[in-house]
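The two complexes that follow have chain A in common; it is paired with chain B in the first and with chain C in the second.
Entry: the complex of A and B
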């Protein structure tokens, strides 16, 4: 399952980059380079070969674990992934924690107090949150905390301490939390309607036990599988946030590579992120079977 | 007992009054009009469509031509309600005109999504076997790409511009629609009404388009509405990065991108286009939520 998908991903990305307007040689040698220099560069990179030849020689290198070098700064792609991925991972981890804590808490509260003013307030706010693009909330956060209150750094990672990650993680985390809150709420409501909850209530259990022991456990099945998926989404979906906050992570680096038509870099990053994404998809499938014994794994 | 007596005993259905049609769609529509959330969303959408249609009439200045460097970087005032940008252009007019791009992209990219998703999904779900295998592998490959990065890659590959965005966003979103349609078609293809149609000699195409697909419309409509709001967000993201419609065309995303450089002193340059995006997406989300409650009682939350 993983290998055919990866071949497909590499093929699609490679063909996309193949049709990019503007020659990638010009990026390397500059627009005013002499004809000779240009031809040498073309030969060296094998760009004069037909499409399938280029593709296969690239894939042959990839299978040996060599992702090539960037056209722009001649650094090894593998090294830059190693250097930049930890930043993205940290950001993802912090936002994931925020998202899980806030999202589930708010969702459960909203479901338990269904049709009260708390509930409708939560529904309104979460829908508004769902409708707010990340870049808008990022810029608002920058304005509020960086310009008004002047208490948090708004750009870069500095020495890598946590305070540089607070704002970007808040933005990403809350953005993902509103989706989670909506999901949690509807899952909880689904469960609360079930007969076994009525049974639990009617045998005199306290509301707390009913909600946190009986309802939560069953509502957790879809919520937990979504947790895994959303980690994958966060890991690969932080490009705009990283760009705005100037974090040297994989997302902002991918955007840079795409814009500069840095072909080997784009290929490398896309493949890497696709591996992550597909792995998380697989984990979701496995977790379905592990968490819910009613579904058999086949 | 004679047949005529029997007929008398069984209560015969009276012909309905014509004024109140009872087709499932009319029932849904009536419920929709009673649903406050959905109507709120619909009002917002209609309001935005009116704005984008009448933008030349209602905007006080021309969004591109009327620049005045001596009026640059002004905060909101009576003369410029939303203030001015770095060239002294009226932000209100630019926001109003920006709705045209957002709505067009939001709606137009759904055409790509729907046509690709419905065709491939129906083929996969109906014919199963090898067709299904091939199509679902393609869908899996599409799903393995982080969506937004893929849209960026497409936009860069085929050159910046408005049409690129519309194509890129449509092309990125179709796999979800395809899965949805496939599931629906697979659920219906063994049902009795399809069997009946088949035994009457209907062709496969007729069965797919006349029998099965009309039954799948409710989730398709819901997911399309939600898809519009996603596409509007994604368009804003792309033009924020400098892809999409090129300056001086006013788009909300690019306005925020330029405003971002001046956020320390001129936050209004970011806030108004940002609020416009929020309002638009909020409208479609409200409407989509309402539609879901009305059309799909099982998904009601």
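Entry: the complex of A and C
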């Protein structure tokens, strides 16, 4: 599973980088460089070779575990991933927790109190949340907590302690919590209408037991799938948040690499992210089986 | 209860959001009136031009808008890299606030002949590792840039030195024109007289490295982040996308800086930088265009803003060798058709001053009141009809630019004006790297770009931009080709006499304006605000001139 995906990802990414105009030589040599200098730089990077040659020599290195060095700043891609991934992972983990706790809680409340004022209020807030761009909510948070109240750092990673992650995680987490709440609400509503819930209620079980033990357990199946996949999405989709909050993570760096046509960097980061995605897909499959015995061994 | 409390909280947050939105939009009462800022008239461009005695100590907290790629002088091509190199290393000469040449590692120099420069070096200078600096280091550093095995992209800085070509082609073991005369004397001989050479010696590539450090690395590119120079600051730590820390070099030969060190944060998003400044976490801020009025009208910030014109000259290039701009009448019509002043004042509000030619104010050769193409739509129409275009047959072309909101805001009104006189302009936005490549290859009919000074000599705005040999990547993306211009600028390069050289520059400039190869739009303006405790901060006009030697902190 992993190997064909990796080959696919690498081939598509490499072709795209090959096709789009411009290369990193533009940035390396700067203005006024002699034509020879430019040609030498192209040659040194092997960019004058035909596509298959470039691709296979890169892949040969990758299979030996060598992700190469950045064209632009000569830094090791492996080191870069090692250093940057923990930052992105922390950000993702915290936002994930926020997203799960807030999202499921709000979703369940909203479903249980369907069509009450609480429900419409919650739905209003989530609508607002969906419609607010991350750029804007980030700056709002920064100004409220960082500039005016001065209780949290504005940006950066500082010593890496948790306070530097609170604001970005809130922004990223609440943004995805909104989607989670909506999903939870609709799943819960569907389950609550089922016959076995009515049966449970008619048995005289307390509302709490009905909701948390019977309804939620069944509603969890689609939610859990979405949950694990969304961790993958958060992990790879944190670029804007990282840039605004000045976090030295992998997301903002990937964007940099793409814009500068830094081939080894783009390839390295994409392959790494592909591994993560495949892993999470696998986790989704496993979790299905764990939560819902009916699917097991299917 | 819980429900109610939650609601109130939400209402509060929404209110805060609204306050934020509106405070962001507040328009100043009358920006034109407040534009007479004291600092603007203060020629020294200083913050709190103080009579106080400078204090030593303190860490200056600032930021970079992105990572640098390398701190190795031979490879520092980006603006940011060059600025950092200037803190860690020294060159023979350096530039003062206005871009004039002043001594640095060379305490004096003489020119016995037009092709010879003899530098007398400052004695007792030490590298950060304790090694003494001597004339040998000059020879090593300059030859290293030319050495084909090193592969520096900046060979052009030294290629006019005698014997440079032979050395680059591997026909000589050393460069004939760089001679070590004594421990503290270096003689540089040029192939032929080349007047701007002295001013080029302050460029990043001409900064001096220690052979013992560079040669520790098998691949010299690995030296990039282990810099050891003679400069006023020493490298401490660099954490990518996070921070860069330097400390004061106590033994700096020209006297240690007042501050104890500089902490750079790397902040890519400009709004975040604004917030960091307002939160008091950084000591200076280059104010984004959108925030300039707000900062100027804020009594906490207004008095501490300093502003200066940069040497960045923005233009629209018209490709000389392809339709429709191979016709001088079409190029001139293009230039007459654009009323630049109102467009620039609106689209680049506060951040630009009108530019009429390649040579920017502040460089010798600049002429006050030089009028190039003043808005004249009738003349533009006339020229276009002479060139065979009419209302039914408009002159259509594509104007390419790199994709950004600011560029579109500037170019759309220009497009409108051009269309009024009989052009049919299509704006094409491209991602920067693809754009740069396409322009260099001459694929664009017209393109929007800028040019900044590498060294403070008007030649830097003429030779690379207009000489036929610089076609393509050299700087002349327009493929401009006029033998008369080539002759005059080459003559100017060889002319040692200052006044005569300036006259030649001006004649060369006149030719380029007459030929309308580029429409000059504006010079960008820098606005920087400092915290009140920061004293004697200056905006240097040459990008890598500020070695942070004047700045001190009153805290």
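Simple rule for what comes next: the second predicted complex is superposed on the first by the 286 of 298 C-alpha atoms of A that agree within 3 Å, B and C clash if a C-alpha of one lies under 4 Å from a C-alpha of the other, contacts with A are read in each partner's own complex, and residues count from 1 in each chain.
Basically, contacts are C-beta pairs under 8 Å (C-beta built on N, C-alpha and C of every residue); 3 or more make two chains touch, one makes a residue touch a chain.
Treat the numbers as computed from the prediction; the structure is a model and nothing was measured.
Asks: One more residue to check, A:244. First (chain B), second (chain C), both or neither?
Replies: Once the two structures are laid over each other on A, A:244 reaches both partners.
Asks: Which holds for A:157: it touches chain B only (first), chain C only (second), both, or neither?
Replies: A:157: touches chain C, not chain B.
Asks: Now for A:133: first (chain B), second (chain C), both, or neither, which partner does it touch?
Replies: First partner only, chain B.
Asks: When the two structures are overlaid on chain A, which partner does A:32 contact: first (chain B), second (chain C), both, or neither?
Replies: The second partner, chain C, only.
Asks: Under the stated touch criterion, which partner chain does A:9 make contact with: chain B (first), chain C (second), both, or neither?
Replies: First partner only, chain B.
Asks: Going by the contact rule set out at the top, does A:75 touch chain B (first), chain C (second), both, or neither?
Replies: Touch status of A:75: second partner only.
Asks: Once the structures are superposed on A, label A:121 by its partner contacts, choosing first (chain B), second (chain C), both or neither.
Replies: Only chain C; A:121 stays clear of chain B.
Asks: In the superposed arrangement, does A:147 touch chain B (first), chain C (second), both or neither?
Replies: The answer is both, since A:147 touches chain B and chain C.
Asks: Now for A:209: first (chain B), second (chain C), both, or neither, which partner does it touch?
Replies: neither
Asks: Same chain A residues contacting chain B and chain C, which ones?
Replies: The answer is residues 20-21, 139-140, 142-143, 147, 243-244, 259, 261 of chain A.
Asks: Which residues of chain B touch chain A once you look at their complex with the stated criterion?
Replies: For this pair, the touching residues of chain B are 137-138, 140-141, 143-149, 152-154, 156-159, 229, 233, 236-237, 240-242, 253, 256, 259-260, 263-264, 267, 270-271, 274, 277-278, 281-282, 285-286, 289, 301.
Asks: Which part of chain A faces chain C closely enough to touch in the complex?
Replies: 20-24, 26-35, 37-38, 40-41, 44, 72-75, 80, 83-84, 118, 121, 125, 139-140, 142-144, 146-147, 150, 153-157, 243-249, 252-253, 256, 259-261
Asks: Touching chain A in the complex: which residues of chain C?
Replies: 3, 7, 10, 16-17, 20, 66-67, 69-70, 75, 77-78, 148, 151, 153-156, 159, 221-222, 224-225, 239-243, 265-269, 271-272, 275-276, 278-279, 281, 431-438, 440, 454, 464, 470, 472-475
Asks: Please give the residue numbers of chain A that touch chain B in the complex, ascending.
Replies: 1, 4-6, 8-9, 12-13, 16-17, 19-21, 127-128, 130-136, 139-140, 142-143, 147, 182, 185-186, 189-190, 233, 236-237, 239-240, 243-244, 251, 254-255, 258-259, 261, 266, 270, 273-274, 277-278, 281
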